[in-house]
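One chain, chain A, appears in both complexes that follow, with chain B as partner in the first and chain C in the second.
== the complex of A and B ==
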């Protein structure tokens, strides 16, 4: 077990190296050089050169990469061009806001998906199965940022029940679960949960259906077990596949919440990324992408390791 | 919108069920017959055909000029005389813009998947067939891209490169290459293990011949089905990038961008503001159902 986790971790090293290379390249994908983004176009050449020297942009690319990697590994992500605050600080406070929304959306989506998917797989009537597959289809097909706008139109503009944007009452910090905060979380949570709901419902339904057709289920029935006892065995067998997809979906929620956060002006990483892009704040863009990618890698690693707990047969690598 | 991870047994059914290339015509006829008997897929295909055809033929349909603004007739409600679906925040005809919008929205969604299919498919089949070091090299590079949530990768790339349709296309293509490559690789690896490949090699066929005659026919089906399932994701993602202001630039009609610019109107004319999203929704749901239908008809395991 520990050995498996360790092996996976070691395997992540080259991937992490590649990720850092890609994130570093982001700055150099930008049109013009990174300095031109922060100086006025009519800045004298000496100033530009001085700045280039200061930031190390006059060195050859491999040297720049090495320096950047060393500095980043020591926990220094640079300074935001927009606010002048350290990138680590900006990303850190935004990350918490993204996480709380992602957790809420995961809870809603996964619990609902497990119930719906299981019900559809067991359903004797076609109506239930059709209904659930339709819900799942809508979940994977709906443009979620549009759904967010529709939710705002219905519940904020027309009915006036829920706030259309923001984290909570003024000076709210998130992570406080009282009604004023939760009120602000409801719409973003719903909008964010539709995709994982659709994907997971499909996964749970097809996995359980496949398991129900296996011989061991027939054997258990022949032994005289009732449906509820068999359900336990079925769920246990469905768990590894579903867990893997859940991990991916959770990661995608955290990395992909930018559209929803933009609609609801939710001050998370996506919102930060969006404003960084339009201010050409490349250090923030780089820092946010790097942190989210590493979180995603760690999440996938954790899911892989948990999977070996649930299903001891998994001995890959 | 998230790209579903390709499950590894995706090709298993197809590789077994798909008949070898020599009987390919019979197999495709069977697929066509199954498709003709699938009403859901047929209806979706018809709707998509309608959207695509009207988008392509938009200049000749006698629609209003989608670029012509007017300060006095802004945000007319749906059903106004002369303006079937009202006007947008700059007084442009909504119906014309929705029809014209299909051009860019569909193009921006389908092109990246097609390009990724070409590049990712080639890479994946190469990796799967050659195996060994080549496989290692290609798949480890893909792993790097897999370390990013797909939406994040698309947004960071196009954010760094700057707004514009070309950059969005490039970013989306990069996002879709790894999943297609992974599926192609796993399917090809399975097919390579079959006896008929060994038999072909034993009878002296070269690598290229084996790939062309024996492998492609068996792997293209599952790869194609997987690629079609990505189109709806791509359309939503492309619209999302334009919605953020990263994709198509105004004043071009494009559904995602229209959703963005109409957001200021949700207090004035909420139904109108939601219309472009309905188009995205319909298109994406049809592509998803078509992909499901194709999967069933081609007997590819999901």
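== the complex of A and C ==
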């Protein structure tokens, strides 16, 4: 088991290398020179050249990539062109904020989806099934940024129940687990969870429905198992498929929703990426993308390893 | 001796918003302890539906049962919920056609046998596993201790079916239902599994209902055979009676259409036509449209089940020559010898 995880970890090395190449290339393929974004348009040429030399933009691309990779591997993501602070610090705190929101959205979406999807799959009346299917459809189809704005209008502007933006109370620093902070999370969590809720509800429903039609469920009934015991069998069978989709959905959430974080001014990775793009802040862009890609890889690895625990048919070879 | 199971005038109807299917239309039979009843029929004849009705395994909200199924005097059709679950796998258990799909793929064989034992006997985890190991030995599975920890996909088809038999016997049932348990297996494995079921049946004095579409298998395992067509028993009798003197044209057709070594070069006889649609309750003999002996009275009303000889019931009013031609009986016999001739020693 440990060996399997280790081997999968080693397989990630070439993938990670590819990701780094891609991240580097994407940034340099995009038009626009980061230096011209930070200097005033009338800056003397020698100043611009000096800055380019300082940031290493005067070297050929392969050299820039090599240098960037070496420095990055040593844990130094460079300094932000926009703020002048270390990228690692900026990305770190943004990433933490995004994770908090992503975990909350995952908890809400996945637990609701499992309950709704299972209920729909088991439902004998078509009404319940149709209702849940409609909820799922709405979940995947409603533009979540639009929903976010509607939520703000209703609950913040009209009713004044919940704060419309920010991480927490104004003078607070960082996130803490207390009511003032949780109040700020409620609306973004709802807005962020609609898509995974829709996707997961559909997945859970169809997976369980398929499993319920299998012969072994009849065989379980034939040996006198009660409904609760059969549900346990069904859920364990549904777990591999659902876990795979959950992993992907969680990955999307951790990528941080640029739109949701922008609407709620939530200082996460999406928000950071958004401002970095507008400021042509290359180090931030690269650092964030790299951290996210790395996290995505780790998440998939975790899901794969858990799957081999749940489903013995998946070979660990 | 009183009957272990007594089925009287069983009707099973499946009702969905779109259509109604009259799958079983008045089936009556009984099984004694230590006796094997073979139910023979083609797909859609209602043989599996009849078998599964004994455990009420059809979705409750879509199935209408009527008639009576009595197990040692207890009415099964009126049982629901907990009482029904207490019966299933305990007093009556079932072997399925496809052992690859009848086991839950994500639990070990041992877990699946042990959970059944715990469910019905209240034994502790370790006692249940001990019993599971004994059961695998009983089903002649080599190295049972390792097999307990195996997942279904790690075993061969024959081994899985043996494990399924072990599971079915886990709570000492008095009645074993076998739903085409050898159809999915290779020919040689088929015979081994058949022999195992027959041996265990004698050893444990079980009542067995064995559903199959394979006439050779039915003759091999059964004491009595019932032939089903369009949701009704058309003929029921002892193996000898059925093979030597089949009365119903359909039974004769089935016997005549089997392949066996003695008829090399001959043309295989087939029953023309297809079974009827069961959307409506048959108002005449269901086999009449395919029967070469059909007469006016066959279409007038459904024929009753009448006793041709002692213990031999036939649902046919036709005045066809009921004396059986010698070659038919001889052929069926040859066929059986052919099959058993392949039994590997031990």
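Rule of thumb we're sticking to: the second predicted complex is superposed on the first by the 307 of 317 C-alpha atoms of A that agree within 3 Å, B and C clash if a C-alpha of one lies under 4 Å from a C-alpha of the other, contacts with A are read in each partner's own complex, and residues count from 1 in each chain.
Just so it is clear, a contact is a pair of C-beta atoms (placed from the backbone, for glycine too) under 8 Å apart; a residue touches a chain by one contact, two chains touch by 3 or more.
On a predicted model such as this, the values are computed, not experimentally measured, just so you know.
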{"item": "First, second, both or neither for A:248, with chain B first and chain C second", "value": "first"}
{"item": "Which of chain B and chain C A:310 touches, first, second, both or neither", "value": "second"}
{"item": "Chain B versus chain C as contact partner of A:233, first or second or both or neither", "value": "second"}
{"item": "First, second, both or neither for A:289, with chain B first and chain C second", "value": "first"}
{"item": "Partner chain(s) touched by A:212 [first = chain B, second = chain C, both, neither]", "value": "neither"}
{"item": "Touched partner set for A:142, first chain B, second chain C, both or neither", "value": "first"}
{"item": "If touched residues of chain A are counted for chain B and for chain C, the larger one", "value": "B"}
{"item": "Partner chain(s) touched by A:220 [first = chain B, second = chain C, both, neither]", "value": "second"}
{"item": "Chain A residues touching chain B - in the complex, by the definition given at the top", "value": "14-16, 18-19, 21-23, 26-27, 29-31, 137-138, 140-147, 149-150, 152-153, 157-158, 195-196, 199, 206, 241, 244-245, 248-249, 251-256, 258-259, 262, 273-274, 276-278, 282, 285, 289, 292-293, 296-297"}
{"item": "In the complex with chain A, residue positions of chain B that touch it", "value": "1-5, 7, 140-141, 143-145, 147-152, 155-157, 159-162, 232, 236, 239-240, 243-246, 256, 259, 263, 266-267, 270, 273-274, 276-278, 280-281, 284-285, 288-289, 302"}
{"item": "Sites on chain C touched by chain A in the complex", "value": "55, 57, 61, 82, 85-90, 93-94, 96, 98, 101-108, 115-116, 119-120, 151, 153, 167"}
{"item": "Interfacial residue positions of chain A with respect to chain C in the complex", "value": "124, 214-216, 218-226, 229, 233, 236-237, 310-313"}
